[in-house]
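Common to both upcoming complexes is chain A, partnered first by chain B, then by chain C.
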Partner chain A sequence: MIQVTQETRSGWYVVAVRGRADAEAADELEGALRAAVEAHPKVAADFAALDYISSAGLRAVLQAARAAQTAKAEFAVCSPSARVKKVFDMSGLHHVLQIYGELPC
Partner chain B sequence: MWHNRAILSEATFILNGNLTELHRLSAEIARFCQDQCPDNDVAFDLNLALEELFTNTVRHGGCEGMADAVHIRLERAGNGVLVEFCDRGSAFDPVSAPEPDLEAPLEGRRPGGLGIHLVRKIMSDLHYRRSGEWNRITMRIPI
Partner chain C sequence: MLTMLEEVVLLAVDENTGGLRSTREFGTAYALVGAVLFDLALAGKIDTDTETIQIIDRAPTGNATLDGILAEMARRLDLNTVQDWIEHIYRRQADLEGEALAALIQQGILRHEQSKRLWVVDVERFPMTSNRHQQHVKVRLAEAIRTDSIPDTRDIMLVSIAEPCGLLGYVMDEAELARRRDRIQMLCNLETISRKVTRAIARLDRTLRLQAAPKII
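Take a look at the complex of A and B:
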């Protein structure tokens, strides 16, 4: 289960995601991130309060990154915990996504 | 006393073929690891590997909607946790499934394939066998 909140900060649209991005929550995560990148030129997914992610959650992020490419929007994954970052790394997604240690704004 | 210790060092649970069971999977792992593996990374990794196997058999193995679709057994042994994951889905050997291309650029990446890759990264000593209508996967996570 995830909770999503959004705010605009210094030119970035920040989508903060809290909770567990598992297979049950993946559609909600993808929907929130896709809606953001399709409507805003610079989107930061703030994962500081994301406790867990599985491949279903990774796929949601990947789909949002693809949608951002199509919409020519900038999309960054920010502040993942060490455990969540490890799942991105094990999957090779650090090669294809912009992952920042902290928010760019 | 010995009897109690033996019970605490293992856990078994049964899941129905529905993704809402992920909550119970996570709660069962947390309960087991609270006693057996004080390092929280083990609970995280165990949860990840078992979610991938469970979701795979529900989504692709035909277990969607099936009662008692998955049996899981965890046992603390030596310097790790032994895990047995049994499901009544169609025959699927995660040990020999092909690896996804992790170096592919964004537009060339196929969704899928990552789950089993994560299981193989996290777990050691994976063995698979088909036994009647069951897939039986045994593996170990080091502590």
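Take a look at the complex of A and C:
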């Protein structure tokens, strides 16, 4: 289960995600990120409060990044917790996505 | 839409002879297992993290092969890692291939022909009624590898199971595959199931090499 909050900060549309990004939450996560990249030129997914991400959650983030490519929007994943960062590192997600240690705004 | 399992088996059919080809027989068996797990994940029945596998929904998918595996997963609570399930389903490799071939025949994509070689040995062939479906799979694979954009989830999965069993050689020539090696590795690494399938194949290769090595007394 996730909670998503959204706000605009210094030119970036920040989508903050809290909770567990698993199969149950994957559609909601992908939907929120997709809607953001399709409507805003610069989107940051703030994962500081994301405790867990499964393969389904990872696929949701990847497909949102794909939508950002199509929409020619800038998309960055920011501040992942240590547990989530470990999953990103194992998957080599940094080859596909911009991952920042902190929010760019 | 074909299942991932059907797409992998279809890719292994020689478009000229209808024979089933495999550059790495055991690797292909593991790829079939990976394909089934991906099919269950795409159907929203299972989820994985870096090690474990969870059943999300026990309701049948309507596909007999997938439902058989799903029912077994629901029963065997003692097996809960991706690795456990890859090794467990691997024992059903012949069933998986046979069931996927039967489904492809039923959908009118393949035909079943049986003949004798040297009047004795039974030879089975599965000629395609049209190469349209196989071509569609090949085009998606080639596009996912050739471009630098993020592919669709299904295409990432397909690359990541076609690669460890050597099926990409039927899609692109060796020189192009070599040039795109980093891209292929990157796509294969994205999915836990693919990483575990690749590891299982490497372990099996090692065991087979050790068994084949001459023993020094």
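Here is the rule we go by: the second predicted complex is superposed on the first by the 105 of 105 C-alpha atoms of A that agree within 3 Å, B and C clash if a C-alpha of one lies under 4 Å from a C-alpha of the other, contacts with A are read in each partner's own complex, and residues count from 1 in each chain.
We adopt the following convention: a residue touches a chain if its C-beta (ideal position, glycine included) is under 8 Å from a C-beta of that chain, and two chains touch if they have at least 3 such contacts.
Being a predicted model, the structure only gives us computed values, none of them experimental.
Participant: Chain B versus chain C on the shared chain A, clash or fit?
Facilitator: Chain B/chain C on chain A - steric clash.
Participant: Counting only touches as set out at the top, which of chain B and chain C does A:Met90 meet: first, second, both, neither?
Facilitator: A:Met90 contacts both chain B and chain C.
Participant: So in the superposed three-chain picture, is A:Arg20 touching just chain B, just chain C, both, or none of them (first/second/both/neither)?
Facilitator: In the superposed model, A:Arg20 contacts chain B only, not chain C.
Participant: With chain A superposed, which of the segments 94-102, 184-192 or 202-210 in chain C collides sterically with chain B?
Facilitator: 184-192
Participant: Quick check on my understanding: which residues of chain A belong to both its chain B contact set and its chain C contact set?
Facilitator: After superposing on chain A, chain A residues 22-24, 52, 54-56, 58-59, 62-63, 65-66, 69, 87, 90-92, 95-96 contact both chain B and chain C.
Participant: Mind pulling up the chain A residues that touch chain B in the complex?
Facilitator: Residues 1, 20, 22-24, 52, 54-56, 58-59, 62-63, 65-66, 69, 83, 87, 90-92, 95-97.
Participant: Write out the stretch or stretches of chain C touching chain A in their complex.
Facilitator: Interface residues on the chain C side: 41, 44, 46-50, 54, 56, 149-153, 156, 186, 189-193, 195.
Participant: For chain B, which residues count as touching chain A in their complex?
Facilitator: Within the complex, chain B contacts chain A at residues 19-20, 22-23, 26, 41, 44, 47-48, 51-52, 55, 59, 102-107, 109, 111-112, 114-115, 117-118, 121-122.
Participant: Enumerate the contact residues on chain A facing chain C in the complex.
Facilitator: Interface residues on chain A, with respect to chain C: 22-24, 52-56, 58-59, 62-63, 65-66, 69, 86-87, 90-93, 95-96.
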